[in-house]
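Two complexes are shown next, each including chain A; its partner changes from chain B in the first to chain C in the second.
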Partner chain A sequence: MIDFDQLDKVIHEKARLSIMTLLAGHDDWSFQDLKSELGMSDGNLITHLRILAGAGFVEEERDDSGSRPRTTYKLTKPGRKAFKEYIDVLEAIVRAAKP
Partner chain B sequence: MTTQQTALEHLRVIRSLLEKSQVYRAISAPAALCGGVLALIASAITFLTAGAMGARGFLTEWVGILAVTSAVNMFMLHREARSRSQPFFSENSRLALALRAFTPPMLVGGLLGVFLIWFRGELALAALLWILCYGLALLATEHFSPRSLVRLGRAFLVVGGFFAVIYFTQPDLAAGGKGAAVASIFLGTTFGLLHVAYAVAVFVRTPAPQIAET
Partner chain C sequence: MIDFDQLDKVIHEKARLSIMTLLAGHDDWSFQDLKSELGMSDGNLITHLRILAGAGFVEEERDDSGSRPRTTYKLTKPGRKAFKEYIDVLEAIVRAAKP
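So, the complex of A and B:
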């Protein structure tokens, strides 16, 4: 029996799932872009990014070479793998329900 | 809601966000490819005909390329806004932000370049000005642009700076009617090759995970 217990608990939260999805679609997202795309507050977004970084799914990169520092985020290899596995479990749940 | 319905809903949300992120990020690539290919063709023609079209013909040619590429870019931006159910242009839209950052260096470089060509016939110098000001314009958008676009801006400044050193240290380079050929090399390398390289880099980036239709 496939169920939600097999889903990664770090990813299985609406805000973090949205962040992971955007980063999976294209890496190199700036903090401002993520905030604007997801409509989240600074505090909320940074909290979820820290949880994802703590799990080793997301890495932060700081670029101080320009006139203002720029922080971008991207998925790590384990993060991309975990996201793929998360989708696989969801698809397996849906497939199992089909007659 | 059953477990299956919840899973289905999650997959729909993921697919929708993935589509958004891809359209949002890839948008400048088709315009860059179009502009790059047109610039390469125009540069080759100008180089091979040794600038037979004259300074004003040269200017018309490049203003035409700018117009076509801008139209393609506007079309892509409009399509993106429509797919996201967002207004094409509003006071705080990304397009408005981009225009505010992009316009000053483009206006200064563009107009000075036109004056240099129209009144002085300085094609190579005008080309250098366009390249460097375009690089500055791209860097001015760094706070809301993907890093790939910022890298493109830096590449324009580096290559443009290199060409400027060559141009000013080799006084005979653009003399004797060779201005059009030199300008076409400058413009073809930057607006042509760099734009095509940028578009290819965006197109071949790491693909997003595929989600089966449910």
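So, the complex of A and C:
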């Protein structure tokens, strides 16, 4: 039996799942790139990034060295682990649904 | 890019996802079997089954022929289609996450 309780609530929310999937794909997304890739409003994206940061899954990095300050986002080690566990449950659901 | 908006809200909720996964596996679950398999309370299970029925994804069937009336639940045709589409998105997420 699949343990649906293992689906982390923080990750399961659709917008956050989309952010986590992008961040898992490659490191160092800028806010603007995330925003245009996901088609989310500034406020919405900020809210969900904060929730993910609050859970310890995402960290932001400020780079003030260039002419413009640039903020990038990436998964933390616990974020990568939690996402992997989440994906394992999804995989079990897909397997159960496609016998 | 994965279309996260395609993740049907009715199905994406954890409890309903667990119900849909069971119903997709085989037909005709009794209320008691669903309840014991999922470890949900009567009220919780009834609420989510009603939402799934309201979306047209699940139908109930009453059988009063035996000594005890028996109610069973199964996916409707649109329910099966919606679940398949949902699972297709999950599969795309799993693929993206496990390159």
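Definition applied: the second predicted complex is superposed on the first by the 95 of 99 C-alpha atoms of A that agree within 3 Å, B and C clash if a C-alpha of one lies under 4 Å from a C-alpha of the other, contacts with A are read in each partner's own complex, and residues count from 1 in each chain.
We take it that a contact is a pair of C-beta atoms (placed from the backbone, for glycine too) under 8 Å apart; a residue touches a chain by one contact, two chains touch by 3 or more.
All of these numbers come straight from a predicted model, not from anything done at the bench.
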*Looking at the overlay, does A:83 come into contact with chain B only (first), chain C only (second), both, or neither?*
both
*So, does A:21 touch the first partner chain B, the second partner chain C, both, or neither?*
both
*Looking at the overlay, what does A:91 touch: chain B (first), chain C (second), both, or neither?*
both
*Mind working out whether A:70 is in touch with chain B, chain C, both or neither, as first, second, both or neither?*
first
*In the superposed arrangement, does A:30 touch chain B (first), chain C (second), both or neither?*
first
*asked:* After overlaying the two complexes on chain A, where does the chain B footprint on chain A coincide with the chain C footprint?
replied: 4, 17-18, 21, 24-25, 37, 83-84, 87, 90-91, 93-94, 96-97
_List the residues on chain A that touch chain B in their complex, please._
3-4, 17-18, 21-22, 24-28, 30, 32-33, 37, 63, 66, 68, 70, 72, 80, 83-84, 87, 90-91, 93-94, 96-97
*Any idea which chain B residues touch chain A in the complex?*
2-4, 6-8, 10-11, 13-14, 17-22, 24-26, 139, 142-144, 146-148, 150, 205-206, 208-209, 211-212, 214
*Touching chain A in the complex: which residues of chain C?*
1-2, 4-5, 7, 9, 12, 14-15, 17-18, 21, 24-25, 37-38, 83-84, 87, 90-91, 93-94, 96-99
